[in-house]
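Before anything else, here is the set of structures, which you'll find just below.
Next come two complexes, and both contain subunit A; in the first it sits with subunit B, in the second with subunit C.
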Partner chain A sequence: MIYQKTVRVLYIDMQAKKIRIVEREDLKQYIGGVGVASILLEENMRPELPPLDPAQPIVFAIGGLSTIYPVITKTVAMFISPLTGELGESYAGGRMALTMFSAGFDAIVIYNKAVKPTILSISANDVNFRDAEPLWGTGKDNVGQVVRAFEHKHSGKRSTIRIGPGGENQVAYACVTVDRYRHFGRLGLGAVFGSKYLKAISIAGGRDIPIRNFQSYFKTYREIFERCTKSDVMAKYHDTGTPINVEPLNEAGALPTLNMRQNRFEHADKVSGEAFSQDCLVRKLSCSGCPVGCIHLGQFRREFAAHGHEYETITVGYDYELIFALGTFLGLSDPKEILELIEEVELAGLDAMSAGVVLGWATEALEKGLVTNEDTIVPLVFGSYKEYCAAVHYIVSGENEFYKNLGRGVKYASEVYGGQSFAMHVSGNEMAGYHTGYGSLVGAAVGARHSHLCNGGYSVDQGMKDGNIDPDKIADALLAEEVERCMLNSLVICLFARKVYDRGTILSAFAAIGENMTDDDLTAAARRIFATKLRIKKALGFRLRSVKLPKRFFETPSMHGQLDEATAYEIMAKYQEKITALESAVKG
Partner chain B sequence: MAKVLRTGNMSKCIGCFSCVLVCAAFNRKSHSIQKSCIKIRTYGGVSGKLVETVCHACREPACAAACPSNALTLRKGGGVTLEKDQCIGCRRCQSACIINAVNFDEDLNEPIICHHCGLCVRYCPHECLSVVEVND
Partner chain C sequence: MTTGGWAARYTDERITFLEISENSTVADAISAVGIPASEAGIVVLDGKAVPKDHLLSNGDEIKIHPLIIGG
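Take a look at the complex of A and B:
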């Protein structure tokens, strides 16, 4: 894509073990990333078939500035979500974008099901379908070890993308792990891998990409690099990391706690970013091409024998969302116990946020007598991490009917057993750790993938004064941000750097490599991408007016006090009116 | 006094690859990490150690001794300089270096020789690398 008029797409047929490469000039107008991936999903998806049908595609894409500028490190994955049945979209860092870039593929489309478990080994001049039979049923670490052995010649230039048993067993919120510590976490891409017998992908780069205009490129690179490292724009992500959010959200009354019965956690100080830094933090890492280093790794030791002081030491990545979902939401107040639960979820290969929210609902459902001790096998009680660790295993193994149902997500489980009012999801996707107000709640409902990252609704709430609720303004703010993020995600900028990459910086970065884009081009692309996503959602049967929000969102006060149900639906209706107008404008 | 690169603080490395990317960009005018003089890789996966491979500026470099055409001449302070017109692309320098610090440019058919410019040091956010002054 860089320096080219075309987007280079690699299509992989898992069943036939054949590939084809297509240079697509028509895709250039979508910039890259989510723009290109949306079109490829739309072209290849089969709305009439279930999400895990072998015919359904997995699409990966990077953007036109990936790797060559700091913090443009993400890859987007698009698929049909087995959790929500509609648009699946997820982002991961690590080395994947760098390796796709150096292997020379802007996008990859994977379809059909392999005859047996497979590792796809992709490089600039080869795609190999390797036997993964011995690895099926084993942990993700084994995969890394095996890939490192057969790709040893690509040491330092490869990325390993794999699933754990959760994905193999097609748990609806199974994740895909990239280079040990990064994930395509949300919406169940892991299950889609599992449904194709795709255990892992290794990608290795190797192409030479000569710089066309060194002076202008390096000048722009240097300016952006300095803003990332010397200004305070990125400092919070490097320093304490995202867990810095625990205390302010708790103080504001926006921290979902005990299955969101509460908006504050009495032990928030014990699980704050500072507490994790003091007690557990041992190391930070970066995605390739990012000088910031936001990946925070904590460590705990575990005694594995009753006598003889036998310990193992385990290092695990942590972030705000994990502390919320597997900590405050479940009433865990010891960072070491939270890390241990994170590790269980990591080994299982599940999305941490969905897993925590599902377990929160299960705990309350047991307490209320909707399910029995026989169903849960272990007594799930808020604050009891050992039982939660066991429950994670049961979800993955589908130990009984109850755990099989939990493996389909909290919406599904609550439809079977009741307790829908406290099943904390939005349109089937388990909630994020922000009960900040209408912005976060409606933002997730209207967001293309029902994620807090679709439009950053929590940020709309944080900028709003109490008692000053204007549904029209909230709908406007959510829509503007959702559309703008379509553009940012077409470059696949890490959204932590969204303040570095303002429009001016993006245009200069393009100009420095000889692509003369205008502000209007970016706006037009953003709208085109947004319209594509809306078409996909419509084809998959999504209707905003059918979204029903669980009652607890309106019972537990948010940062802005108790939310009014009618107002939330009013904002959604306003949003619907605005997107209808936007769609006609794009068509026109 | 000549300047040479020194490593030794790699436990601070976050694996950002900034050193690799700027070296390839500045010295080889390429976006490809293959072209960099310095390599960063993991030892035992991402959860293991990060290790660097870069020229150690030997005073009596094996790469130069192995070169049949005297294309590698001794650099002040240690290491070598490549005389491109003398190089025949035999790769003996590459196999002579026991720390594998000589990369090879397949497109230009010549070794990629670090000249200790220190750019990697400037772009390292964690002072994993340094430039020190040594006697000529």
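Take a look at the complex of A and C:
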């Protein structure tokens, strides 16, 4: 927390309805965010118990510069993932970081299970355990309305964090929604909420912290603000946003399509960023403290009664990953149908990327006769959006054995029914929308949470030439980025702004609030955080050499042509050598 | 050379015919239309991504895409 020598942690025991607040001086060396959250996860996790055991913790943390500079808007959540069984790490924007900051908490640790469904209501002076039993089984929007009603006095300074039926029913890739349009999307935090009977959290804060040396602070703030608003660095996120990726990835042969049987989509022009902008875009929003406005909202019209021409207009957020997972991956070529499927996944409270990849596998498994029409209930065929909408609800309700298994992720389902070669996951986490080359594939395999965001492997691929593959260099590039992102995520900046927040800018930002850090301090913190994550993964049983990549990654050509399996494993082995050396250096 | 709407900040034309000297590369063509090197991403020639130092020939049609963006 700004101007403090300690990190302020709020511990919440859901079962005993007790809280304690601890000022931790020892955590300052981890800066904040993922650094602090990693240590708190390591201290509180129980590796010998399953991920959804009530004893397992949920940790939230904000960073050392949260909310006081532009685009430092995220909160990190850490937990044990029910999807992969190992490190769970996810980020969300919205107002959550702002409200944690103004409520006076750098981190929150939640453990044990409530006796009945509960809404945690957190403010600077109080934590209330509100009865959510009447809301259990209802949608996320109902919860939002209820929370807004009883927190009306904090209007504009509150954040609502909640789960839908997917989380209640502990689907392994259930998400947590923050303030309607932001999510802790990946790795199943929603299921961990559900396992604790935690329906929602409301955080309200009204603290005012005067800036001490305003002139110095404001000068630095203005410089960063202008880079965010007047340079090219952030403009693309506002203009078309990440959906702009559809066209280049398609043309380059890197767009996962039809369960990645193809690397190009014949209807890509209909689902491109420009197509969405022209046909569906109605509004752009920002997280609190961000001047960019990258949240793109699209609209579609839906008939809600069989007779009488009754229609409603639905507004839903979209970005590239959603267009990939619930569009091209499933063969949907109409933006309005994609938006409708996004809305169904949203209401179900599932991670959109995992949901799409799971459905892609189910479609092909049915086609190949590994599962039957009786299993899938509806005839899943690529392009059949109404059937996909129905299937989303069957996953959430665990309608039959097949859908219960789908709810445990594509890795698990393919182990039960076969079809592992085309179950598109990396170490249990469903793939992201980049088949760009070794960088993206190996990057996800070696990444601490098996996400494309661990080390941005697709960026490594963009700079690579065909026929010029150097496993050592790729491993170096992935490791350097992974470690650097540990530092960036300790702040916790929105990674869209990573080119704004270079090392010099970060040091200036700290200096302007009286914290004189050095470049070496940032490097040391990054390594310390990375080493902590590695310890957690090891304690949870992860071994990189045990990772097996589905064959289809090597069958469908990438942007750089067909990937060679042996080369991919060679890069992973090189990476392992490098992290072993780095771990020794950190210990030494 | 073709660009998409994304390049409107740098050039008014979506299709540009360039006269280039011998030994010109993709990077030279990008620079010639005023797109910053840091903003240009995948470049496609004959349906295949080519590197920025690829040598261009007379009659080549390239499409310049923005950088793949994300977190």
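Everything that follows uses one rule, which is that the second predicted complex is superposed on the first by the 586 of 588 C-alpha atoms of A that agree within 3 Å, B and C clash if a C-alpha of one lies under 4 Å from a C-alpha of the other, contacts with A are read in each partner's own complex, and residues count from 1 in each chain.
FYI, a residue touches a chain if its C-beta (ideal position, glycine included) is under 8 Å from a C-beta of that chain, and two chains touch if they have at least 3 such contacts.
What you see is a predicted model, and the numbers here were worked out from it, not measured in a lab.
Judged by the touch definition given at the top, the superposed model places A:Ile244 against subunit C, while subunit B stays out of reach. In the superposition on chain A, A:Lys236 makes contact with subunit C only, while subunit B stays out of contact range.
When the shared chain is aligned, subunit B comes close enough to touch A:Ile2, but subunit C does not. In the overlay built on the shared chain, the residue A:Gly205 is in contact with subunit B alone; subunit C does not reach it. In the superposed model, A:Phe496 makes contact with subunit C only, not with subunit B.
No residue of subunit A contacts both subunit B in one complex and subunit C in the other. By the touch rule above, subunit B contacts subunit A in their complex via residues 14-18, 21-22, 25-26, 29-35, 39-42, 45-47, 106-107, 123, 125-126. Residues 2, 67-68, 70, 94, 98, 101-102, 141, 144-145, 148, 155-157, 179-181, 205-211, 214, 217-218, 221, 225, 229, 284-293, 295, 315 of subunit A touch subunit B in their complex. Remark: subunit C residues 4-6, 9, 36, 38-39, 41-42, 44, 47-49, 51, 63, 65-71 touch subunit A in the complex. Residues of subunit A that touch subunit C in their complex: 232, 235-237, 239-240, 242, 244-245, 247-249, 251-253, 274, 320-321, 434, 436, 452-453, 456, 458-459, 462, 465-466, 494-496, 559-560.
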